[in-house]
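In order of appearance the chains are A, B, C and D, and numbering begins at 1 in each one.
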Amino acid sequence: MKMLINVPETVVADALRGMAAAHPELTVDVENRVVVRADAPVAGKVGLVSGGGSGHEPLHAGFVGPGMLSAACAGEVFTSPVPDQMVRAATAVDSGAGVLFVVKNYTGDVLNFEMAAELAEDDGVQVAQVVVDDDVAVSDSTFTAGRRGTGATLFVEKIAGAAADEGAPLERVAAVARQVNGASRSFGVALSAVTTPAKGSPTFDLPAGELELGIGIHGEPGRERRPMMTSREIADFAVSAVLEDLRPAGPVIALVNGMGATPLLELYGFNAEVRRVLSERGVRVARSLVGNYVTSLDMAGCSVTLCQADEELLRLWDAPVETAALRWGR
Amino acid sequence: MLDADFFRRWLVAAAASVEREADRLTELDSAIGDADHGSNLRRGFTAVTAVLDEDAPATPGAVLTLAGRQLISTVGGASGPLYGTLLRRTGKALGEEAEVTRERFAEAFAAGVAAVGQLGGAGAGDKTMLDALLPATEVLAASFDDAAEAARAGAEATVPLQARKGRASYLGERSIGHQDPGATSAALLVEALARTARNGGAA
Amino acid sequence: MKMLINVPETVVADALRGMAAAHPELTVDVENRVVVRADAPVAGKVGLVSGGGSGHEPLHAGFVGPGMLSAACAGEVFTSPVPDQMVRAATAVDSGAGVLFVVKNYTGDVLNFEMAAELAEDDGVQVAQVVVDDDVAVSDSTFTAGRRGTGATLFVEKIAGAAADEGAPLERVAAVARQVNGASRSFGVALSAVTTPAKGSPTFDLPAGELELGIGIHGEPGRERRPMMTSREIADFAVSAVLEDLRPAGPVIALVNGMGATPLLELYGFNAEVRRVLSERGVRVARSLVGNYVTSLDMAGCSVTLCQADEELLRLWDAPVETAALRWGR
Amino acid sequence: MLDADFFRRWLVAAAASVEREADRLTELDSAIGDADHGSNLRRGFTAVTAVLDEDAPATPGAVLTLAGRQLISTVGGASGPLYGTLLRRTGKALGEEAEVTRERFAEAFAAGVAAVGQLGGAGAGDKTMLDALLPATEVLAASFDDAAEAARAGAEATVPLQARKGRASYLGERSIGHQDPGATSAALLVEALARTARNGGAA
């Protein structure tokens, strides 16, 4: 597998150097792999810190900026960052109003953030945590590590970020984050496996003419393999899977997310099918986002995330955001 | 008796095993995980040998605590905090003694393994590193070689299991038929321990 | 090759339906494949119309909005749109101040826009045209169709769009567009070939361990094939190729563009190498953009575009823009 | 004499050839272009037969003008305006006559081909559709069959040429060794003409 890299060992550091060069509005600590808003800490405001394995760009560093994250920690590819990074980020962004950790629900992320929370509290930073677990492909039972955190992470970071930006106290920011997570569900599909720089070959064999349903964002195989389906059929399947778990009473925010290698042309076409299914099911889409936001390196495929949104969440969603990958409002 | 140098040599031997087997560990993790277990542990144990080279703590407890903290600070993922906790808790349980008996170590190690169980919420049969660590703990006081054998067998016995913890649990039934990467690396660790003892370490 | 589509025949129409659903701020004529700012025509302002084959998303429809394009015409995949579309777009956006066609230099695009210009003039719309030809991989001689239009299209559309937004007259908007094109050069590299929906297999064979240097955005093979290179070597080669043709006296705007399937993680790493070469060559980067903007479906690879920018161009570059794919300023 | 119906049948026959050979044309375009020539012409000629079905213009000139306009409105790319211009200019040159002689048509066709040259700026040997069209023009008045043969030979003769126009020119020397897709489709057009004449069309 060919990659636009130097050596696998330096991909994350190289990317951070490139981010630093492209984004003067960010402070990038390449050695410690922490990306912070240049103007942090912002007086009186709660800090939002997230992070996770690399390979999901623009998540998380691409969401650092006014109205969203205060800092992001970049782990190795598909590997949760270490507590030291999170403590460093928390210390850098804490204005005294405390810090919310946004944690995707993977054993590694949860354990490392947990340790970091303890250490940061020792350093006098008040820390709250929200664990994002939106992926309905994994059953949330004692027989699994629980649902994975995927597309809803963007919703949580955007909406909780807006609450923090408004000056809401830590408890309130955490409560909003939990509300968003509770109201969000995702389902993902892979048309190709992913190749990590370290491994250099696809994480699983996916023959021509087959797809994986219910995949995560780390190259894990999915819940089920099937003969290739059309965009229409995939939308039916994915949206049904989400709606089986989330029965929205009101309007939703809909994210149609590309896994990285699926052309935007296809992704927009898929969005049309997703909207068709939703309208057949009587679900109204209040806000819509289509693009590559929570990716899995060079994987081809897509995911659908729906968030049931009340007036307040929509207001926070519409609030200004100014990051590398998400920008709107004025 | 086991002194600080014995534990240092154990960790160096473990690092060598990890280095040698890294691709295999990643391959196993690729089947039911995310293809990084080998590189995760390689990064961690390289850092451990580096820090032990720089700074040679005087007691077994200090060696293990330092190594554990180093794993936590450099590995990330699930295995970083878990292996880090294993070594740190074992180290803490050993206290400040300059030398420890095999029995004393076995007891401390059992405390470390229990801490792993508590941290990750897994138990025997969940298809994790515990499936190699728990059987090893039971016979560690009697024989390091037996412990190594028990860990190896425990790791192999994860093949038919369905994972209930960690990333592999996402696969449900599709996790059956693959050996758990963490159990495999845990067996490497215990084997390195036995090898270190055989190579004139343990009194 | 697996694709997230229904049938090859409907990919463009499907994508436009999906765009319409995602972007209420755009008027999407799916049947005629024209995407127009919902508030067009804007009184007193020059209209900017572009378009081209589909498969390069977000170019062009993703750049429709305040501060950039007034309308975009979507052709079939890799096929220039037809004059009827361009006339329709021109008529829709003309406020009486005239319309600038931004045309990428490909025989098909040039001929179709040329015909459209004549027809639109017949309909009473004053039309000026700028042909973008920035790709130094093609020698600009009588033995070729001339340099291709690639990454500089984004620069031309953004900067001329800002001039139009300020109320500059048609001649001035066209002059700015020509200045930007004249000051811009690009070079692209492919790590994999592209697969079009209609053909269903890669347009050329690119063995593992080799790359194509000097590729275009339509799956054409490049100028030269070589054994795989590192990110560092590719940056050296691409930036050198650009600087051989463009010897910037002052600062540049730098676009590091992904061809579609290259992960953002790799692209940012490549940006670090591009910046290294530029600083070694004494070229100052005043503004920087990294991302997938002018793509080639599922091709892996990247391109570098540099634009020598004076104070005025930088001011127009910084001016507010509010489109699906490019947004900033307030 | 050739009437409106003859030209309609020619275009229907050309559409059938394009349909049959579309994959081959795309394949040729994939080697030195962008892999769309077959689908471009298929889209265009399908539209041409549709419009001629709906609306049957009474004169040869009107048939060709309508078909040309339809190609321009539906094909896009380089070949759309070029083939569109070929048919429109040929049609215009035929004026309003209800029937035309082969000689008259050959003259008009030559005007159409000249217009293609002017529009695209290409000449003989540039590895374009002109390399099939120009040789055909020279013998068209004498024999449609000879013209078909000349076009086919002209298309084949593009293989060793280096492209100087269109997308293939980007490849420089790498364009050598491949047959030009546009010259190949042009030959199909002229062959369809000869076939139509043979099938009892031409008087």
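The rule is simple: a contact is a pair of C-beta atoms (placed from the backbone, for glycine too) under 8 Å apart; a residue touches a chain by one contact, two chains touch by 3 or more.
Quantities reported herein were computed from a predicted structural model and do not represent experimental measurements.
Q: Skipping chain A entirely, trace which chains still reach each other through touch and list those groups.
A: Drop chain A and the rest splits as B | C, D.
Q: Please work out the Cα centroid separation of chain A and chain D, and write it as a whole number of Å.
A: Comparing mean C-alpha positions, chain D is 53 Å from chain A.
Q: Based only on mean CA positions, could you tell me how far chain B sits from chain D in angstrom?
A: 74
Q: Taking the mean of the C-alpha atoms as each chain's centre, how many Å separate chain A from chain C?
A: 29
Q: Just the number, please: Cα centre separation of chain A and chain B in whole Å.
A: Each chain's C-alpha centroid was found; their separation is 31 Å.
Q: Residues of chain A touching 2+ other chains?
A: Each of 77 in chain A touches at least two other chains.
Q: Let me make sure I understand the interfaces: which chain pairs count as touching?
A: A-B, A-C, C-D
Q: Note which residues of chain B are touching chain A in the complex, please.
A: 26, 30-36, 38-40, 43, 72-82, 119-120, 162, 164-167, 169-172, 174
Q: Would you tell me which residues of chain C are touching chain A in their complex?
A: Touch residues, chain C against chain A: 1-7, 10-12, 14-19, 21-23, 54-55, 57-58, 62, 77, 191-192, 208-209, 211, 228, 230-232, 234, 256, 260-273, 275, 285, 288-290, 292, 295, 297-298, 300-302, 327-328, 330.
Q: Can you list the chain A residues touching chain B in their complex?
A: 53, 75-84, 106-108, 111-112, 114-115, 137-139, 142-145, 148, 196, 198-199, 203-204, 216, 218-221, 223
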